[in-house]
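Should a chain be cited, it is by its letter among A, B, C and D, assigned in written order, with residues numbered from 1 in that chain.
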Amino acid sequence: MTHHEPKLVCFSCRFGWGYLTDEETLSRQIKNWVPVICSGKIDAIHILNAFKQGADGVLILGCPEGDCHYQDGNFEARKRVYLLQRILESYGIEKARLKIELSVDPEGKRIPQLVKEMSDVVKKLGPLTKTKDRTKTASAVQG
Amino acid sequence: MAGKPKVAICWLGGCGGCDETVVDINEVILRIVDAVDIVLWPVAMDFKYHQIEALKDGEIALSMINGNVRNTDHEEVASLLRRKSQLVLAFGACACFGGTPGLANLRTKEDLFKWVYHDAPTVVNPHGSYPQSRVSVDGHELVLPEFYEQVFALNQVIDVDYYLPGCPPPPDLVVKALNAVLEGKLPPRGSTLAPHKALCDTCSRNKTKPNRLAIQDIKRIHEVEAKPDTCFLVQGILCLGPATRTGCGETCININLPCRGCFGPVEGVVDSGAKFVSALASIMDAENEKDVERLVGKMDDAIGYLYRFSLPTSILRKKRHNEVEEL
Amino acid sequence: MWKPESKGTARVEEAIKQLLPPCQIKCPINEDIQRTNVLISLLPEDPDSAKDQIIEISDYLYEKNPFFNICGYICGLCELECNYKAKGGAIRRRLLKRFLSDVYTEYLSQKEEFNVIKDKENVAIIGGGPGGLMCAYVLSKKGYRVTVFEATDRLGGALWLVPDYRLPGDILSTTVNNLVRIAGIDVKLSSKLGAGKLTIERLRNDGYRAIFLAKGTPYPKVLTFDGEVVEGQDLSGVMYGHTLLYEVSHGNIGQDYFKGKRMIVVGGGNVAFDVARTSRRLGGEVTVLCIEAEDKTSRDGIPADEEEIRGAWEEGIRIVYSRGVEKIIGEHGRFTGIVCPKCTSVFDDQGFNPKFDCTDCANLEGDELIITVGQVPDRAFLQREELLDEKGRLVVDPFTLQSLRKGFVFVGGDVRRIGFMVEAMKEGLVAADSIERYLRGFDMREGRKRDYEGYGIPVRKSYKPEVEVTWIPPEERMHFQLIEKVLTLREAREEAKRCITCGPCVSCKACISIGFEKSLYSVEVDRERCSGCSICVYACNYDSARLAEVEGETVSTTDMFKCKSCGMCVVACPSHARRLVDDNTEQRIERALAVL
Amino acid sequence: MAKKLTISPITRLEGHGKIEIFLDDKGDVKDAYFQVVELRGFERFCIGRPAEEMPRIVPNICGVCPTPHNMASTKALDDLYSVEPTPTAQLIRQLHYNAFYVEDHYIHFFYLAAPDFVVGPDADPADRNIVGVIRKVGLDLGSKVIDVRKRCREIIKLIASKPAHPEGGLPGGVTRGITAEERKWIRETADDSVAFAQVALKLFKNLVLDNQKYLDLVLSDAYMLRTHYMGLVDENKKVNFYEGKLRVVNPDGKEHALFDPRNYVDYIGEWVEPWTYIRLTHLRKVGWSGLIEGDGTSLYRVGPLARLNVAEGMATPLAQKEYERMYDTLGGKPSHHTLAFHWARLIEALQAAEDMQRIANDPLLTGKDIRNMDLKLKNVGIGCVEAARGTLIHHYETDDRGMITKVNLIVATQHNAAPIGLSVKKAAIEFVKGHEVGEGLLNRVEMAFRAYDPCLACATHSLPGEMPLEVNIRDKSGKVVQTLKRF
């Protein structure tokens, strides 16, 4: 796992991140980037699916506290993340693999940086294998 | 197929509670017994196993299988019944979602064995013995079935036609299901033979929800004297009602305990736990980081609440193995 | 008529008629405040790239309101109804427009003329103030050949009475001059209707098929007490406020004109304070005397704006509340002081009807008395043109502004009822609409009535304080330069971001115009799945998601009037009972995850 | 040639529990192994759960006897939070518990044991089931069985939600009170249960005791096993299902130990064998003796007969009379006659019914004070009850937030696992001679097995209990040369 490049999924709030830069340009710089109208629109299902699909980390970029165009979508997102971190840990997925940042960057220049920073962290944690729907293992263990 | 329709009732990794329920439909069962030919029902009557094998494929009209799949025996029986049956009904929470024992997916097999046969305070094990799938004692070959690394729901090892959730499924739904089969009035394959909506729909306490449901604090059931007629969530007590299929008859609510989700996800939802996270987050009255941390901190064992009966069918299925076991 | 499970758009159009954010309802011309607030909040940090977008936003505003930049200096009506008001101060919309104005006013001179073929009738507009120009602007854009007859030597009307330290003359002239250029409006200056041969009849004969009369109020109101004109208003040292302002704006009054003089300004309106603060800047020791009470919130409270009063106070102007003027005292034909009895009440159920307690009288000595208790229209002219009734009141349909005496004449603006600039503009709009209906032979009333319903405040916990408005300190502002600092780009963005966009999406659509969203998705509730658990009700911050009894069962519903299509309820719903019609976010996420 | 008999549940390829009997070359029984072949690891995956949720989780250990698990767990919470349940709560719990005892004991007796005695061990297999029993005893009695069971389960439902998965129970109390209305039908159920218990005992007397052939069978050496016994007794050393001290008597009936269940670790050891998933309990102070009976054995038995053997008597008058009659008939205490488990079971059902009656008439039953909220977490909680099949111990340890860090469970069938193997072996020795495997073998062997009402679900914390058996006779290669079925 020394050479693996972590796969990150990045969701970002349109009102806070990269709205001044053309989406095409940015998505060329950011792998698996999904801008959404509000970070509060990201369902726990989406995040868990990302991990199921083999993502090594999920980064959510919401707009700054009190700036949400829909009043509190970014807070909703944060609450979900904190709850999910607990659950992920029980699944053996370190909480560092799910991160939310509430800030603003109209040009979106920082997004690639943040993704990079997070992948460095995740890299140390090693890769997460895709969840297979059927995984049998060997017979009774030897003491 | 001539004669009465053949029906098999069988347990795999179950506790027998599901079979007890079938027994609980007392008088009805007698009528059913008249209408069908029960070819297999371990808990209540004798039968010959090889008779099942002798049957033609698809000769059994309906197999009601309860319990989850944890070892080779389970899987072989499940596969055999699948082969011999036209319809397979996943009966009860374990068969449908893995059930409470599915929580074992948070542990490795090694970890299980180590405690049970080595660390437990009462264990006396000077030779450090562990059960073996094959062992020879005084030259006699003794065999144990193969124990899987994780718990599976029935539909993860064989195709399942219908689902009847619950721990155990309530008698009235069992009767409904059986009648539906006998009268051939079945919904499309893959359906769950229970209401579509969430528990709140039938819960008498739903009316007591205020206009805006806000959770300021999360309470554990032993910490408070729950009001017998007020929505648990309103009282800050986690209740999975909003994310859990109704049909159970609110048996737990009726004894003043919150729902823990034995009926599994509502129609159209795959991972009710995840869905409940989103829902819960929305009603948690916490905007600043501190409050969020405080509330989440109060949610000890989130996964145990949200996936009490459904871990093996959750999106992530089981604990990741590429991390060190704490032994 | 409205069904909660609406598929959205179709019915949403109806909603436009009905719902606006409170600020836009307060604004007489219903400016698109919310939308442009959002756009301003998204301006780039870099000033140069911001500039183009500022002009874009301004062009959009200009379409509807060619005076928006002026509003940025002197109009803050909308702020009075902001939902944020109680929560840390209204959104300073005026300052935001003022911010745009700094860039846009400069740009105005390069702004291209609208190209419209002027193939419709001739219309005469009497009066080049905001009301007249607004009407001219609208009609001209519609292809009417419009001529504005202005009595004075410049356009702008009463706006010129606003002192430069609030509204610089060059801003005003740039605005009005470019307005007529851009909209292609003919202007005849120094053409006073009623003076000489220029009569309504004459205009009629010259081929003007309709006339909008917006002559404003050229004359000051004389001071009265108990219904009687107070004597001594002819003494030397007594003048009328609006005369002073007029002269000052024409630069006819020197710097230290009132140096060392004890000035008494009578009146409690904004104009009175303009006068007082102008006099102060001309060197006078100023006392403002008004019959109204200090407490603005009371029925008899002083009408002048908070900011005016504060400004005056800072500048060392003394204010005497709740006193009227019973007598004006003079010696040898020169004013020396006034006798002011206590005013016990200003209004009663009949309206303005001040009561005084003459046993409690104060004598106020002074060198100059400036009476600023209001202005009046040119009654003689209206009389001559037979636009008044026997009681001397204008006979105008208040709804269409059509004269009941002469059908082709429409009357509006201050001449009809004194009000704020934007109220005159509103009358200009109404007149324009009426004139078109009149000339096209349409029904004069049909479909004009609009009942607006304001929006409640969304559920929200965190609020930010309003932006600091900075004035030049009093000791440094005793001149006629602007005293209010303009917002910086950063301040403007922050202030605009404060806007909680409480209004309906359909009257805004900012997110669509900038490509954040494809359309306003409607929310569908699947009754087969909804258990009525009411979690969506909490998730919704707009009181849109609600529980309702539908066919005997409790299910959640969505009020598309109020829905913002944010999808918060969709995510929160534990039963997948809600979805956003046509929203492709789900698919976009799935696609992204699929390639992992 | 040596043969291997596999007695395994007919319902499985291998099954949840099997009995392996090995013959020597002479064809006599050499060894017998009772294997339990599954495991679910509740003890592990309950770690991390909030302690107060345990009573709602552990019933999944066994749906055949979920109530004892729910109750032991709830009592472990009382201990964990060092709290005394309110008097009303105590009554409600015991009502719940006795109702379970009545219905469970009858299920076992009529559905599983009765076929052997009522219909007869050598009767046509096709008749030897509940249907046959009903035919013999009459439909009235038959439907009465179903009726009593049903009504007792109604009581369980009222107090603890689903009978197959009770959820009630909190530290210091119960979740729900009883109303005056409910008391009415509870009382009726109790009265009818007492009446029925006496009918059942009469039936047993008529059909078994008055039948010399059966009585001989009961008293025969094949069904005799000399072991220690363990069970709960109250302060008067009377039988108690719900609480008390654990008493152990040796094969001679002398007291080996009397201890607070909280100290079970000092007295009970669990031996691990590689050929079974079940841990074999034995008396620690004696030390693992291996699979032997009589003096020097470390094995003990639990369950109905064991409880009566360790007690000085029954807690209720009617049951006490029956108790005395039984020991007179069996020739004194302790009784080592395995088949007497059935008799003891019926006597216990009577005590349970009588106790229900007492509770149903106790004014405090409908009290409002159902919870003691004075909780003081002390990190360790041990709860012990007598499950229908024998002593059940739940041992939890928690962190300071009351989250489970350790779980140890000792269940009835575990205690009996080794003795079951021995009993089976003895029966087999009796009936397998010189390669001759008589037709009667399987049922004889199985009767020994069934007397314990072994619940393997509990035993492995995994699987349900009563199961039909089958004997496969295989040659060395493992090929089945003869199959004997259980009926």
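As a convention for this text, a residue touches a chain if its C-beta (ideal position, glycine included) is under 8 Å from a C-beta of that chain, and two chains touch if they have at least 3 such contacts.
Given the structure is predicted, the values throughout are model-derived calculations rather than measurements.
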item: Of A-B and B-C, pair with higher C-beta contact tally; value: A-B
item: Whole-Å gap separating chain B and chain C, where each centre is the average of the chain's CA atoms; value: 66
item: Centre distance in Å when chain A and chain B are each reduced to the mean of their C-alpha atoms; value: 31
item: Rounded Å distance between chain B and chain D, as computed from the means of their C-alpha atoms; value: 25
item: Chain A and chain D: spacing of chain centres that average the CA atoms, whole Å; value: 53
item: Per-residue multi-chain contacts in chain C, two or more chains; value: 459, 461-462, 539, 568, 571-572
item: Touching two or more other chains - residues of chain D; value: 48
item: Residue numbers of chain B (touch at least two other chains); value: 106, 117-118, 129-132, 144, 147, 275, 278, 281-282, 287, 301, 304
item: Chain-chain contacts as defined at top; value: A-B, A-C, B-C, B-D
item: Contact set on chain B toward chain D in their complex; value: 10-11, 13-21, 24, 26-27, 40, 42-49, 70-71, 73, 76-77, 99-101, 103-107, 111-112, 115-118, 120-125, 129-132, 135, 137-138, 140-145, 147, 167-168, 170, 220-222, 225-226, 228, 251-252, 254-257, 260, 262, 300-301, 304, 308
item: Chain D residues within the chain B interface of the complex; value: 4, 9-15, 20, 22, 31, 33, 35, 37-53, 56-57, 59-64, 66, 77, 81, 111, 125, 129-130, 146, 150, 153, 157-165, 167-168, 170-171, 175-176, 264-265, 268-277, 279, 281-282, 284, 288, 371, 373, 375, 395, 401-403, 408, 410, 457, 462-468, 470, 478, 485-487
item: Contact set on chain A toward chain B in their complex; value: 43-45, 48-49, 51-52, 65, 72, 75-76, 78-80, 82-84, 86-87, 90-94, 126-129, 131, 133-137, 139-143
item: Residue numbers on chain C that touch chain B, as the complex places them; value: 459, 461-462, 528-535, 537-539, 553-554, 568, 571-576
item: Complex contact set, residues of chain B against chain C; value: 196-201, 206-207, 209, 211-214, 241-243, 246, 266-269, 272, 275-276, 278-279, 281-283, 287
